[in-house]
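Paired with chain B in one complex and with chain C in the other, chain A is shared by the two complexes that follow.
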Partner chain A sequence: MLDLYRPGTSPLHSLSPGPKILVMMAAGTALFLVESLPLVLGALLLTLALYRLAGLTLGDALVQLRPLAPIFVIFLALQYWLSGPVLAAFVVLRLAALILLASLVTLTTRASDMIDTITRALALLRPLGVNPAKVGLAISLALRFIPVLGQITTDVREAQKTRGLERSVIATALPVAIRTLKMADDIADAIEARGYDPRA
Partner chain B sequence: MDTRSIVYIALFAALTAALGLVPPISFAGLALPPITAQSLGVMLAGAIAGARRGGLAMLLFVALVAIGLPLLSGGRGGFGIFAGASGGFVVAWPICAAVIGWLVGRAETSPLRLAVAIAIGGILVMYAIGIPWMAVVAKLPLSKAVMIMLAYVPGDLVKVAIAVIVTRGIRRAYPAL
Partner chain C sequence: MIEIETVRLAYGDRTVLHDISLSLTERRIGIIGANGSGKSSFARLLNGLVLPSSGSVRIDGLDTRAKGKEVRRKVGFVFQNPDNQIVFPTVAEDLAFGMKNLRLPKDEIARKTDAILARYDLSDLRDHPAHLLSGGQKQLLAISGVLVMDPAYLVLDEPTTLLDLRNTRRIAAALEALAQTVILATHDLDLLEGFDRVLVFDEGRIVADDTPAAALPFYVERMA
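For the complex of A and B:
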């Protein structure tokens, strides 16, 4: 889910992550402030053109949106019913443009480069008692934990299914929580065993 | 801050992200914040990891969303979120987790006290920040925004109940926490 980086040599790949993130944030905010269907459509087409520039295909772009297909259908239907076809198209196209734009940054930036950039930016906050290295560690760990949590949940659900407990939220949530906390303790021990000094 | 705390902060940020994979119940498109399992992550972070670690875990989560990772339920992310109707609720999360952690404390608590603490931080504080935000973004009168949010209270009470059961279960299995 998060290691989506596609190696390449396009201008988008060679752009450093800082400006890329800033441009994406500005564009994403702008998309939320404009309320015009043609502008959102233009932004979507521009984003698709950028995919082309990055050496990615239309298929790659569609893959980014596929997990959200059911939500798109629900939004489209609800907005059509509530406020008519124009707003429905606007809401869904805006969502698509935002997701494609964010995914483009992810696709053309190594996660490690992204984290390095953030860590460097955080050095500015050092006078406030922020330790950039620790924040960097927390970010890398969080990104790594997300797929692991998904895997643990799948394991526990399968185990509970054999006991006929697949419908119980608690029977899944509690073992998942305990297993992940145990994992967190093991990881903390492993980090310290490798000589990581939290005071450094 | 010790290594274990850093790992816990990352864990609860990741847990909140993982809860976003539970399909949201969205009943009014983007006009209203969807009902998601993610606020359960906020409650658990505060109740299990404590005020400081829980609050920082949510701050980390909000930062990851802001830099454009699609971690909010429904694959939403990026700075645009904060311009939307549910922006205030997301911004409130670090404060909510910290308040829950502070109210729960470290001592052994009765289920009722735990439930009240989680409800205050996870519902009252969250709504106190999220509703005015929503009223401004959606150009709604405050009273109307409050009315809309009443629809979320039953779902949030279910989440409080789950959070209480999970927190007590973990405290029993992990007394050292």
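For the complex of A and C:
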């Protein structure tokens, strides 16, 4: 969700996040209930067809799977050794279909729309003391500041490297923690300055 | 009009602003001073981010202590580091944040988002991840995020400190074109060209309050 969203005008882009999340949850559960390789293969092909419907390419789909390639290899090898080639293929294809389906939701849904939907759904928990707006803002902030924290860590690492401290965890962790806390204060001020009301 | 009446601001034992009283009625007001002189604290008083330890700050008659929410609606604030001001992952989402806080309807949010993106030549970046923008684009986004809330006053705390010359000029041109009252705290004295009034801060006190033609040479000499 950090920068996965691909702008578009496809039916999947137009669909509100609620139904997409529900379909993803239902399909994900169904994938774990079926024990048939052809059905899982069919689900995978259907998911890839949905990528086309969303104006995305096979390459876009493969990019979603690439970070998990080592896990696929481990699963494939382990299942092949324990249960044979059919079950190994079944497990890996099922995992791939699940990941592609979840990625498709994030690729076709703006983070703000997703957060709005989650916030609305959390309104049901208001009687339990949950403040949906606060949770929504927390998710937004997490999505926004993960790359910023990554940049801060890189900056501090480079600075410590010039001082010969690249191997010291404390020399990196401490300045990062201090800068992050200072940044958190500034962000809180900025949110307040832009009219955010935590009681809303 | 902004009215500041015998304001003192202290953090614990440390007094950062001493008995300041003045009225601000001009359209372009500059605030200058050395690091730690109190200019950022003064700027933060103006939209209620910081409340005075004693005395009062009133914006068009609204006391920042009693009417904080209304004051923040009237006074937009732009911080030095835009990275800390942009709170949503993409450009359009961040622009919508302030407007959602004002409870504006969706179609109005969309219309104002389109208008401000076009105004600052950012339309192509509508769905762009905020963390991948250049420094100048981030600061323009931060300013835009405040302007879409239609404040009557815009307070900026060193908005060009982290920018190169080209982007500094871009921000200066953007500020010059604004209809709002602009109150700008800065170390860049060139930005104050054409301003109506300049306040010079030193050790928590206003040591000069004059036109740029008089205040800037005074400040430069004091810093020598």
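Here, the second predicted complex is superposed on the first by the 168 of 200 C-alpha atoms of A that agree within 3 Å, B and C clash if a C-alpha of one lies under 4 Å from a C-alpha of the other, contacts with A are read in each partner's own complex, and residues count from 1 in each chain.
Definition applied: contacts are C-beta pairs under 8 Å (C-beta built on N, C-alpha and C of every residue); 3 or more make two chains touch, one makes a residue touch a chain.
Quick caveat, the model's predicted, so the values are computed rather than measured.
Looking at the shared chain after the overlay, A:164 reaches neither chain B nor chain C.
By the touch criterion stated above, A:95 is placed in contact with chain B alone, chain C being left untouched. Set against each other, chain B and chain C differ in how many residues of chain A they touch, and the higher count belongs to B.
Of the two partner chains placed around the shared chain by superposition, chain B is the only one that A:149 touches, whereas chain C remains out of contact. Contact with both chain B and chain C is seen for A:191 once the two complexes are overlaid on the shared chain. With both structures placed on the common chain, the touch criterion links A:38 to neither chain B nor chain C.
In the superposition on chain A, A:21 makes contact with chain B only, not with chain C. Contacts of A:7 after superposition on the shared chain: chain C is touched, whereas chain B is not.
In the superposition on chain A, A:29 makes contact with chain B only, not with chain C. Within the superposed three-chain model, A:141 lies in touch with chain B and with chain C [touch as defined at top].
Annotation: chain A residues 2, 137, 140-141, 143-144, 148, 187, 191-192, 196 touch chain B in one complex and chain C in the other.
Of all residues in chain B, only 1-4, 6-11, 13-15, 17-18, 21, 23-24, 26-31, 44, 48, 60-61, 63-64, 66-71, 74-80, 82-84, 162, 165-166, 169-170, 173-174, 177 touch chain A in the complex they form.
Per the touch definition, chain A reaches chain C in the complex via residues 1-3, 5, 7, 110-112, 137, 140-141, 143-144, 147-148, 151, 183, 186-187, 189-197, 200. Across the complex, chain B is touched by residues 2, 21, 24-26, 28-29, 31-33, 67-68, 70-71, 74-75, 78-79, 82, 91, 95, 98-99, 101-103, 105-106, 114, 118, 131, 134-135, 137-146, 148-150, 153, 169-170, 173-174, 177-178, 180-181, 184-185, 187-188, 191-192, 196, 198 of chain A.
Chain C makes touch with chain A in their complex at residues 44, 47, 49, 69, 72-73, 76-77, 79, 81, 83-90, 92-94, 96-98, 101-102, 126-127, 129-132, 145-146, 149.
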